[in-house]
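Shared chain: chain A. Partners: chain B in the first complex, chain C in the second.
Let's look at the complex of A and B:
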């Protein structure tokens, strides 16, 4: 399992898990789960188009996930973004399908784009993912307090002189980068799981802002490592384990939090928000 | 359009006022929200900003904070433009309601007030506990310091945000509708707390409210907003039939009962008794000015 040909897999998966664990933390806080779901789909045609143009898939992914970010921002300015974005995504997916059908190895390529090929990672995709992960780590930690205050209350953040649109662009741009980097490794569908499940679980389990970020990374790593190990032993696709473990983790964290608050009834039932009628 | 008392005080500029608003005009979407607003506050005063919905109370607070572009006029803090003195101000927005799942405890929110906008890695684990503890103590928040903010009651969330605003030791504290949605007991607790901040910490507090009554025990000044104009002064000079009728452009009556104040529109029945047809017109003529 730790043979040399598996070494790339372990390292890449660890780096990817760190990046998604950190970024996912703010995806959850900002209620940007929709964007985390949308961008991998938007990037899909990029990977499909790359072999036709004879370029590295990464460039195609960057281009289309960047395009996805622009559309997300554009539609959110228009107000209701769900309809337009939903249509755009299926269009992108259809475009990806068309581009794939023009290529040679149809079914294998589709499978790896949707579910990743984590066990067959080459050293080529190594450097971009490392750079992306470093960028995520630096930019998120450097803006940690502003991002946190913005997620607690936009009004308080504005009063503290924090620019909302700058942070919006930052999170979306990093999301696009991570998506492009992650897609060849875990695929379109599972990038979403890695972004959402560990962070959401960590925030349920831990009340401290910084330690729940650390926990989010730890859970993302654990989830990824377990998936690879189980895929290696069973010879089943790793994507199956990533997806399933993601859902199980989230469920477990909810049950744990519920159980703990049951032990201390005063903590949860005493304070119920009295003003919480509007969800914004 | 300003006040019975403040205009003379405006002229003499010996020491700069803590807050000075002069000739302020604000338009939002081409509609004039504030026109020619003048008032000032000094250190250790509690001032209520009273007005109906849409009178421009929040707009005025946002203008003072530099979040709302100003068409004309100036806002100064200690004689310097308020936009440069944002660090001197603490702000408590209206309708606070936090997501119950935010992984943030009360003390974390307070601490973000200290360094929320800091860029960079400085003091990730720095020791800020003394300032945070002091701010929590000022709002009696020690009891819920380690609970998630989203799980607190409405009154507790409000006190948490006030601690967040106080932790940088501002000279001017702006609160937007802090008394809305509070029960009687929480209202009283909050008013006592604001009074203590004003009297003991010498912080100047500007509070917007629909109802001035809960604030009366500590109220030093009143800015009464209607139709973009304001009457400014202490309670007794502003809250009078003639002053408020002129401000509203409609006859109003001020009732006093056991130290409470009630501002009511002119009793419509009075118009009916005197002249039944077209009574609104005669109402204006009789008591309007």
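Let's look at the complex of A and C:
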């Protein structure tokens, strides 16, 4: 399981899980679950187009997720955001499906792109991917205070001179980068579970912002490692383990929070991170 | 006139039994999704509607694995997911997207497993593509009648409960105050959403099912001044996109030297274009009642 050909996957997945754990924290606070689901799907045609054009899938993924961010921002101007996201994901998925139908091994390619492949990271895209994942980590940490303040109190953030639209762009761009990186391993459809489930569970279990963030990263790492290990042993798609582990994890933490709030009827642990008192 | 028809290849097109069942199923999917989509958007449940379509893929994959009809697979899973979502509390808006996302992840995970089993099992190596991206021309004729019957009963239910359904969509508190059985209607609405997702999944594929649900309804809400208009426009736009999509896909076989482009691709592109046109049209300010309808909820 730790043979040399698996090494890239382990390193890559660990860095990505850390990025998704941190970024997921803001996805939950900003209530942008649908965006986290839609953006990886926008990257899908990139992976499909790469073999046709003879380029590395990495550039295809980044190009199309960037295109997805632009699409989302433009369509949000036309009407409601949720419709924009629905149109974004179906358009890009349909385009990817069309591109895949032009290549060889149609069905197998579709399957591994949708649900992941533990050896999805090729040797030549490893180094750029690691650099990009590290860049995401740096960007999140550099903007940590603004992001937190914006999610706690938009009015305070505005008063502090933080631009909402700049942060919107930043979050979308970070989401696009992370999902483009995680897509080959975890798959198009289930990358978002890594963003949503660990962070949501952590916020149920722990109300302090910092420890909740740490717990979110820890849960994301555990989930990723378990999924890869089990996918390796069973030969089943990693997406299956990520999706179901994510649901089980959330259910367990939800029940734990329920149980605890049952013991202390006055405490409000139901998904409200205790941020309102945080001075940030 | 007849030469015009022959030029377009319509005689040949309509004479093909595969095309005829595709058109029937596409028509049903379009009408139901157009109508239910307006409710979904008015209630701010676009994500839930999308999730039901995606999750139904697990049922479709299980149906291939067990050998039952794909329609019942899609429908069973969509309804199961709808009941889980309503049981977990779709009511609190803040938590709703979160819970929907987690359930969606679990459903897609199960779908991954069944599609894997389908692919390794035996002769179903194409299952992933046909379930996720649709295979309208591969649907057996025996499925047409159940689809028509379930769609028509769904539309009939909408017609019978039109006012209360609209009321709980527009103002749930007012509806409860007026003594409307909100819980019952909520469940009915979710089951209808599941039915729409299942039939759309059959037509354009599970992960593209949302296109028919949200696109036409979104376009219609840009154009319509009154709710009743929105439902009619949405069904009309969805119908146009589906039928034209089927026609273009059939014709594309000749354009691209013997490899037809998928129906779902054309349908999705047409839906996108009609949404853009409707948005541009409403921007010109010719539709007086638009902001009131389109601005509702979130």
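Just a few scattered comments:
Note that the second predicted complex is superposed on the first by the 258 of 280 C-alpha atoms of A that agree within 3 Å, B and C clash if a C-alpha of one lies under 4 Å from a C-alpha of the other, contacts with A are read in each partner's own complex, and residues count from 1 in each chain.
Throughout what follows, a residue touches a chain if its C-beta (ideal position, glycine included) is under 8 Å from a C-beta of that chain, and two chains touch if they have at least 3 such contacts.
Not measured: the values here are computed from a predicted model.
When the two complexes are overlaid on their common chain A, residue A:78 makes contact with chain C while staying clear of chain B. Once the two complexes are laid over each other on the shared chain, residue contacts for A:95 go to chain C alone; chain B is not touched.
In the overlay built on the shared chain, the residue A:242 is in contact with chain C alone; chain B does not reach it. By the touch criterion stated above, A:155 is placed in contact with chain B alone, chain C being left untouched.
Ranking chain B and chain C by residues of chain A touched puts C first. When the two structures are aligned on the shared chain, A:258 is found in touch with neither chain B nor chain C.
Contacts of A:166 after superposition on the shared chain: neither chain B nor chain C is touched. On chain A, the surface patch touched by chain B in one complex and by chain C in the other comprises residues 270-271. On chain B, the positions that touch chain A within their shared complex are 65, 67, 86, 89, 91, 93, 95-98, 100-105, 108-109, 112-113, 115-121, 124, 144, 146-157, 161, 164, 181.
Here chain A touches chain C in the complex through residues 28, 31, 33-34, 36-37, 41, 78-83, 85-87, 89-91, 93-95, 97-98, 101-102, 106-108, 110-111, 114-115, 187, 189-190, 192-193, 196-197, 200, 236-237, 239-248, 250-251, 270-271, going by the rule given at the top. Partner chain A is touched in their complex by these residues of chain C: 41, 44, 46-47, 50, 54, 94-95, 97-98, 100-113, 115-116, 119, 125-129, 132-133, 205, 207-208, 210-211, 213-215, 218, 221-222, 259, 261-262, 264-265, 268-269, 271-272, 275-276, 279, 283, 294, 298. Within the complex formed with chain B, the residues of chain A that make contact are 29, 141-146, 148-149, 151-153, 155-162, 202-204, 206-210, 212, 267-268, 270-278.
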